[in-house]
Structures are given as C-alpha cells and as structure tokens.
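Next, two complexes with subunit A in common: one pairs it with subunit B, the other with subunit C.
And then the complex of A and B:
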C-alpha cells in the first residue's frame, strides 16, 4: 500500500517574525518541517513497523528550500519524495487539488497530514483533499491502528474523544500527542542521500492559488504590567474593563 | 575514509604552513561548506541536545548516572557515537568534520559533553586505532551503541603534564598469561560509569604500554567521586590498581609504544575540545540574549544598552572566529585523509599521521578555544546580573563548567609550549620552511619601510593587518631565536607570547578566508570579521611588544620597536558602531546568527 505524507516547511518556532515586501520574510531564517506534519511522517513509519506493507511517499509543494524538509522526512524513514516546485504560495484549497491528483496518480490508499498548520492555522487541507477524492477523513487523530485495509483509532471532536473505524482509502489528520516523532538517525540520514526526490512543476497540476494576499501585519503584544486584586470579582472585572477600554484602548 | 565524502574538500596543506603561506578562500573548509547530510546530522544532534540532554540537566548535575547512561544509549541509538568507528564494526566511518560538528552541537551541558566526548574520543579512539580485530570486535559495537561507556586513564596524582613520568607498573606473570598492574590513576573522567578502561602503565617500570581493562576486574577499584567546581555531572574518580591481573591479549597496541597512543589521541581531543567550546559559547550566548531581551532596566530591555551590546558583540565575534578556525583545521585534516587508502594495512597509522601533521593547529585550537569560551561565559554571567550568580539560571553553571577546559587535554601552558616548540621543531626537521620565511622577513624589514597596503576590496584593511601579523610573527620568532638559540624552549614566557601571536595569526587567517569565501553575500559576516580583527591585532601587538622587551635592549630594542610600529600601523576602526550593529542582529535573532533579516 502507498501512504502519502504531506509536509510543509514553516518558520522554526523560535524565529522572530518579520515582514518584508508584504510577506513574511523567510530569508536567512531557520525553516523546519511543520511539527504537525512530522506526526504524520512518524505515524506512517509506525504503521509500517507494526506490520503494514507500505511504501511511504513524502509530498511537499513549495520553493527549492522545501527540499530540506523532504530530506528530513526521508531521513526519518520515508521511502521517496515528490517535490512540486512552486514559487507562489498556495492556500489549503488549491493545495488539496495537487495532493488529490498525486494521490490518484500514485494509487495511494492513505494520506496523512497535519491537523492544523503551525503558521497560518488552517485546518482545511486534510478535509479539502478528502472531499476531492471522496474519501472519508478522521481529523485530530489520537491513536491509529491498521488491520488489513481497515483503519481504527480515536480522534478528537468538539464533544470529546470518538472511536472510529474506516475502510481505506482515507485521509487522517494529526495532532500533538499522536506520537513522538523520531530524530533522524545518522545511518538513516546517510541512506536518505540515495532516496529519490521526484521534481514536478506546479504547471503539471494546473492549479492556481485561490487566495491572494493583500497585506501582512504583525500584531505586537505589549505588557502593561498591571495587577488587579481578584478578591472581589465584580470590582476586579470592572477595573479590568476600564483598563482595557481607557488605557489599552482595545475595546470600545 | 567514508564512502560519503564531503562534496567540498579543502586544499591539501601542511601543518604550520598558515604562518608562511597565503591560501585562497576556496582552499579552506568553512561552515558554509557543510553538506546537506552534515546539516541534518547537526540538526539531529542539536535537537537531541536541547530536547533530551537539557531536559535532564538537573538529574545529570546531581550525578544521577542512570540518567546519563540512558542518554548515552539514546545518543548511541542515533548513531552519534559511530562516526569514527569502521563500518565493519557497525560504524558509519564518516569524515572528521562530521564528528567535530557533533561535538560542537552536543555541547549544551558541560557535564554531558565531557562524558560524551571522553567516551567517543579518548575512550573509543584508542580501540579504533590500535585494537586487534578481536579487541575491536569485542568492544567497539558495545561502545558505539552506548551500552558500554569507555574511560581513559593516563594521569596520576604526581604525573599530569609530565605524563611520561607515570609510576603505575606492570609485570608479566610467571606463566606469561597476564600482566599484573599496581599503581593509581587520578582525575579519570567517566570512571564511575565506565565498563572499559584504557590504562597506561610501565612494564617493569620502563616500557610505556596501554592496557584494556574491563570494569569489575579484580584488583581494579574505582575510588570516590571528586567534588568539582564544575562539570559536576561528569564522573571524575581516582583508580586504584592492586595486583590487577590483565590478560596479555588486552595489551593495546605494542608493548613499549603506548606513548604513541597517548600523543595521537590528544590531538583529536584538542580540536574536539575547541568544537565543544564553540557549541557551549553559542548556547551560553543564547541564554544571555534571551534574558537580556526580557530584563527591563530604566524602562528598556538591557539589550538596548551599549555596555551590554559590547559583550554580546565580543561573544558573537569570538564564536564566528571559532567556527572559522575549527572547521578550517579539521577540513585540512580531512583533506589530508582523503588520500589515505582505506584498505591499507597501516590505515590507522596513516590516519594518525594525517592528524599529527596538524598538531600545532590542534594545540592552538585547544588553548584559544578554551579561552574564548571563558570570555563568553564571563560576559554571559555578567549580563545576567544577580541572576547570573544563582543556580536557578544556567549562567553560573556554564561559568563553572567552562573552567576545566584550560586545564585538561593538556594545560593551556603546555599547549602554548607545544605550539611554539613544534613549529620550531618542524622548521629544524625541514618539514616547514620557517627559517627561510623568517630570513626573508628580517631582510625585508631591516631594509626599510615597505610598500603601502596593496589590498583591495571589502576586507582590504583586515587582509593587510593579517599580512603584517604574519610578518610580525615571523619577526618575533626570528629575534627570539637569535637571542636564545637552542635555549628558547626554556624561555616559557617568551614561548607563550609567540604562541599567542601564532594563534591569532591562524584564527585571523581563518576569519578572513571564511568571510572572503562568502564573497559579499554576507554583510554581517564582514562586520564580525572586522570586529574580531580589531581585537586580534591588539593581542598580537601586546605579545610582540613583550617579546621585544624580553629579547632586546638599548639600540637593538629601539630598532625592533620601529619595525614593530611599521608592521602594526593601522587606523583603529569604530568598534562601537560595529559592535552595536552586530549586537542588534544577534538580539533580533534571539541567538548567535550570521544571517540578518531584511527588516
């Protein structure tokens, strides 16, 4: 069976965010595989280690630098990678079209991707992909098990934790706690050198971004360093509202 | 040599040649030349260090060896300790830059990095290089996996710097099947955790030999833990050998040739120590900037203040220079190793010779690197103010941990003597064309003022400084030799001053070449280079003046001082503006960086 793991590259959490030319400036910044996507790669590896006969393909859409993130996935243990080279940023809906096409052409049965993007917070990618493929999806997955062509597990919903069972093919999105992603070991890093990264162009997929970015602004947090005595809740609340309205100016 | 060779190999050079030769930027290996795999390996190491080692720092410091041993096994599982082990024993056999990079990135905790480096370096390398196939088969896989920890025991209570004077004796048993060892060892790292010891003793009080002794061997006792100023999580104990029976099969290398093992191992330990110093410096600076951005005084974060920025800039420049010089030297070692035939029967010997070629550079790395770290941790502690003095913040631990680096792996005094001593020895042996170079400089400077600065481009001033620094180094070596002749080796203070000049020449050379190799793509690198060069010249001038003061007097002194001034004529740069600029880049990034965002 073929498993696709979708990965994106994001700013490392410790990097400061800067705007340049109306975009987030990534030049010279530390970029890493989105941790949410790492859970996906790791889960694919564990499914295989627990007995599934699987070829694991890491997929990423993005500029040249994204190759580094794909190499990390290969170094973790993915078998090969597909890099759709694109200099334009794609929103989740547009991206899902590329993923769906790849899933069909590769004959994939399982797609793993992050439940939410670490940078733009979109949760749409998994769902949009599943829609296009007409596959079931389980989002915010906590545990996963494969038995034959049947996936079972637990995932989070608004109301609590739900058990599910689904027949492949399916889309599974991840969350923190699904697993602890492994560090690429040195032998695997060296082996990954020989693994294939197929380069495709975005044109091959006939996809355009659905969103156009108009502007980017960084909201700064400011510490006013005020402490309200909370013994009398009503008074404290009034003081807080007053402060927010008249001092911080963040409410009317 | 590994199957996966680095994509860039430095030019083949010889040890000590940095003083008499001018390389081109493309001749040296720089951190910008790391391959994808090396960067990934660095990333795995850093993540392991930050997420696993630092997370357990209190347990480590409390001497909870079960935690340390677990971390060592995890490091083994990642392959971090297999880098210098031959493939046939389950190793990865990668290049020296890669193993140095690991030593650099793992150094977030002084205690753990000593445990790790003592194991991987002085612990395992003797077996890799001198072990018989039986010994390698028996021990290397378990050492590489971290299941067993290795320890190296040379020093004794009365024999540290003069290692040749050890008293531990070995006598062959009547049936010829064992050596019986009696004696003691002192300051043995990893002793409290180790399963395998490499112990040096003199057979019949004469033949200096190394023995592999497993923990638990009757007659080998590990003494009590030392209560140290720093690296408290690293095990340091004396060993007592009382009629310890060691099978003759456990002699390591040849009888009577143990000193070869000792000296060769030290070269590696020295460059690795420098790599660890850089890693520790980066880590400490990150802590300082993190603290400085949050700490408010007079209504502003303290990183806004000049005297804070100066410390950040000095630290950053030291790290930049350290990276340049360490990877330049180790890259040069790899270049020498590239031509060594892996299948040759004396492969290990050739590897050691290739490293020994750069013994001078390794000694420089050791004393320069440890002192650079010292300056950084001192600044970092100061930047934390009162919080630098208490255990809740990591600054005081870094400060205490750093201190040992000037003492072990050969004291900095010994390493300075080796630096100058071996440069001269090589010159005498004809391995280094030092004497002709000295003569050329002496003739040149005695002839009168030379041409003006003929350098152009971004680092023109620094390249001119460097060219003059080399001449000054040769000049000082020349006048010192003229004055003392063969007795120069006994003039330790002058030898030390000359070593300081040699060190700054090597470091500055590496800084200029590294920066030039980035070919204008990195404005921050240029600033770091200029900032470092300004300090470097002050050190060189100071040492040169002291040399002249020690070797000359009267008219001779005045003549030499004229030459000194001619060779050190430069306009001071604005280190204040430069320092503020450098500091702002570091503060904005939250850590040491050579990238600057287009903000």
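And then the complex of A and C:
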C-alpha cells in the first residue's frame, strides 16, 4: 500500500516572529519540518518496520525552499517525494484539495498529517482532506497499530483518551507523544540525495485560496513582571495574594 | 441567516453556545437566529437554546447519542443547506474543530478557524485569530456567500437568555454510519469548573515533584480559589493527570482572567496554550525560567512552601 505523509515547512519554534511586508518574515530564519509532521513520517516508517508492505511518499506544497523539508523526510526513510511548487499561500481547506488529488492519483490508502500546524495554529488539514476523499479520520493519535487493513490505536478527544478502530483508507493526524522521531543518519542523508522529488506546479491542481489573509500583528502584551522573592514563603504569599486581590482584582 | 450549532453536555448547553449567540448578535443585530441542537434526549438543551435563538432546530435521534466527526458534519451541512444559512457558527472546541473542516468542504465554503473577533464588512466576513503558536494575531477575510466559522471559547461574552422562548422544530436528518469505531469511551467526570470556562486556572508542571504533590498543592490551591486545574504536557505524559487537563499546543488553549503557573518552566509549546491569559502568575524555583518573562506577578521560591502559604493566606 501507499502511505502519504504530509510535510509543512515552518519557522523553528525557537525563532522569534517578525513581520515584513504584512506577513511573517521567513527570510534568513531557521525553517524546519513542522514537528507535528515529523511524527507522521516516523509513524509511517514504524508501521513499515512492524511489517506493513508500504511505499512512503512525502508530500509538500509551497515555495522552492520547501524541498529541504522533503529531503529531511527522505533522509528519515521516506521512499520518494512530491513537491507542488506554489508561491501563493493556501489555507487548509484549499490545500486539502491538492492533497486529495495526489492521494487519488497515487492510490494512497493512508494519509498521515500533523494534528495542528505550528504556523497557522490550524487543525483543519487532516479532516478537510478526509472529507474530500470521503474517508474516515482519527485525530490526535497517541498510539497506532496496523493489522491487515484495520488500524487501531488511542487518540485524544475533548474529554480524554479513547481507543479506536478504523478500516483503511483513512486519515490519521499525529502529535507529540505518538513516537520519538529518528535523526537521519549520514548514510541516509546521502541516500536521500538520490531519491526522487517530483515537481508539480500548483496550476495543475486548479486550486485557489479559499480565504484572504489581510494582515498580521505580533502580540505585544506588556507583562508587569512583578516578581517577589520567596525566601520567606509567608511574606511572599501575602504580597502575591494582596497584589492579585487589590491590584489586579482577579481574586476575591 | 446565521446558523448556530449548539454544543451541550450532560443535558445542558455549554457556555460556548451562549458565546455563539453573542457573536450572532454582533454580526446581525436584528437578523433571525436559528440554532441547531444535535443529540439524543436533547430536550433540555433545546429548551435552553430557545432562550437565545428565534428558532431551534432539533435533530434528536438515538444514532446521535455520541459525537462522531463524520456524523456531525453530515447533519450540520444538511441543515445548513436546507436553511440556506450564509454563516455557520460552531464553537472551536476539540470536537468543533474536528468536524467543522468537513462541513466547510461539503458546503464548498471557507473556514474561519478559532476566531477571537469577527465583523461584517460589506459583503465579507472579517475575523481575527491567533497563529504562530498564539504569538501572532492575523486578520482573515471570507468573501464567499457561505462561510463556516469556529469561535474560540472564552473570547466573547455570553448572551443573556431571553424571557420568551423561540420556537422549536424537529428536523429529519440523514445520519451516516460512523466509520470510526470507538472502543473505549472516555469519561468527562470532574467536580471542578471545566477548564475552558474557568475564570481562574491553576496549572502545575513537573516542578511539583510527584503526583501526590500535584494533587495536594494544585488541587488545594484550585479549590481555595474555585479554579480549574490544568497540567503541562510532561505531567500528562508521566500519567499524573488526565489529558483533559492538558494546556498547550497539543492540549487546550485557555485565556482565563488569571492563570497561575506552578512549577512550570514555560516551554514555547505550553505558552501557546495560555499566553493570552489576562493575568499570568508564575511560581518557580528557577529565576531564569522563561515563564517569568510572560508573568505579571510571580514568586521565585520553593513551590512546596509557597503554595501552602498561599492557601493559608487565602483562608484568612
């Protein structure tokens, strides 16, 4: 079977956010594969290592630089990659159309994708892709087992952890805790350089953004930073409670 | 027409549902408001919804006893089509954010996700939302004739229930067979105020040392303040606390009036779940902990001593 693992390239979480030309500036910043997506690549590899006959295809949509994130996926062990070159930024609903078209043409049976993208703070991509393909979805998975064409595992819901079962084809969204993504070894990095990255253009897919981004503002909440010394616990506690009660007015 | 999809649990409307009504009021002051209640035995929730909407459509079927993303999205999309809704409002709870993208695709509509403000601008909907791990606020716009919007819980005031009730009508819906088989249903039992609805949140990290220390100190302080309890990813992964209490990128995002972080260092993933709180309080032994950079108030000291002292002080 074929497994698609969706890759998005985002700012490293440790990078500060800066605005240029009314958007978050990425030039000269450290860009990485979204960690949420790394869990997806890793899980695809582990499903195969536990016995699934699978070809693993990393898929990304975005500007030329996104190829680097795809190379990371290939170095981890994905077999090949598809890069849909796009300079416009697609929202999750629009992007899901590209992914669904690729899933159909590749005959994929399982799609792995990050539970929340760390640039958009969006949770929509997995569900929207599942809907376009008329597949079921399981979001925020913690464990995953494949047996024949049946997937089972645990995932996080509104109220807690649930066990689930679902038949392939399906979309699974991944998160921290599902696994510990491997670091690519040097030989695998070298091998990845020879792996194929197919280049498509966004025009081939006939997809337009569904919404318009009008502007961004970096949060600049000034915090008071009134920090008391806790050497004397009782005094510090009294100072803090007094501040919260009489200054901030947040407690009775 | 604006369609408000009500969320409810244990027979009652959630606070987030009242917030949807307030959003609808802002978007269309005098427009008719239609609420949709989906469930089984949802009569009480429907009656409550009738106090904040002109008309309540009730999809009440045995097959709708349990939430499923495919089922919920099918029902909501069907009702949205039949009522010619131009705006579909859903609370951005974990479930709401899970099924609403499917509704958007079914209706060929844009999704304004997890928004914290919204207004009409001519024929378009303009909203703001947080992104980049909650560090940035972006403005997005939909010019589509139909738009699905999910509203961040806690970002809007609650609408007050009217004296008079709107009309209620049962709707016939086609319920698809759920394909995700849930083997073990998670329970939602908690004696405390729900995390997403609390004015004050007391959160604990690994700095509490042990699960017992967490229960005693965080639970004790929360009970004294009438607050909800929250935990970091590390605490949940260690099995000290249930996932429902997790705040951060992979858990809940909250913005209470006061967030009291105890024994939490302040990793960027945790901050993204709480950095929009009105007042942030940090208690930690390490003066260099990043949590102090976003704190309004704090104490550098031993949490084992500070928290009991706070409880004692609050009791006075």
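Definition applied: the second predicted complex is superposed on the first by the 225 of 252 C-alpha atoms of A that agree within 3 Å, B and C clash if a C-alpha of one lies under 4 Å from a C-alpha of the other, contacts with A are read in each partner's own complex, and residues count from 1 in each chain.
Throughout what follows, a contact is a pair of C-beta atoms (placed from the backbone, for glycine too) under 8 Å apart; a residue touches a chain by one contact, two chains touch by 3 or more.
If you're wondering where the values come from, they're calculated on a predicted model, not measured in any experiment.
Could you say whether A:14 touches subunit B, subunit C, both of them, or neither, answering first, second, both or neither?
both
With both structures superposed, pick whichever of subunit B and subunit C touches the larger number of subunit A residues.
If we count touched residues of subunit A for both partners, the winner is C.
Look at A:175 in the shared chain and tell me whether it touches subunit B only, subunit C only, both, or neither; answer first, second, both or neither.
second
Classify the contacts of A:71 with the two partner chains as first (subunit B alone), second (subunit C alone), both, or neither.
A:71 sits against subunit B, while subunit C stays out of touch.
Taking the superposition on A as described, I'd like to know which of subunit B and subunit C A:143 touches: first, second, both or neither.
Neither subunit B nor subunit C is touched by A:143.
Name the contact category of A:193: first (subunit B only), second (subunit C only), both, or neither.
Touch partner of A:193: subunit B, not subunit C.
Quick one: is A:27 in contact with subunit B, with subunit C, with both, or with neither? Answer first, second, both or neither.
first
Quick check for you: in the superposed arrangement, does A:132 touch first (subunit B), second (subunit C), both or neither?
Once the two structures are laid over each other on A, A:132 reaches subunit C alone.
Mind sorting out which residues of subunit A both subunit B and subunit C touch, each in its own complex?
14
So in the complex, which bits of subunit C are touching subunit A?
Of all residues in subunit C, those touching subunit A are 67, 69-70, 73, 93-95, 97-102, 104-106, 109-114, 126, 129-144, 179-188, 199-200, 225, 233, 237, 242-244, 249-250, 257-258, 268-269, 272, 275-276, 278-283, 287, 292-302, 305-306, 308-310, 312-314.
Under the definition above, what is the set of subunit A residues touching subunit C in their complex?
Residue list for subunit A touching subunit C: 11, 13-14, 17, 24, 91-93, 96, 115-116, 118-128, 130-132, 136-140, 152, 156-167, 175-177, 210-219, 221, 223-231, 233-234, 236-238, 240-241, 243-244, 248, 250-251.
Which of the residues in subunit A come into contact with subunit B in the complex?
Those residues of subunit A that touch subunit B are 14-16, 18, 20, 25, 27-29, 68, 71-72, 75, 183-187, 189-190, 192-193.
Which residues of subunit B touch subunit A in the complex?
4, 36-37, 39-41, 43-44, 47-48, 77-80, 82-83, 92, 94, 588-591, 593, 595-599
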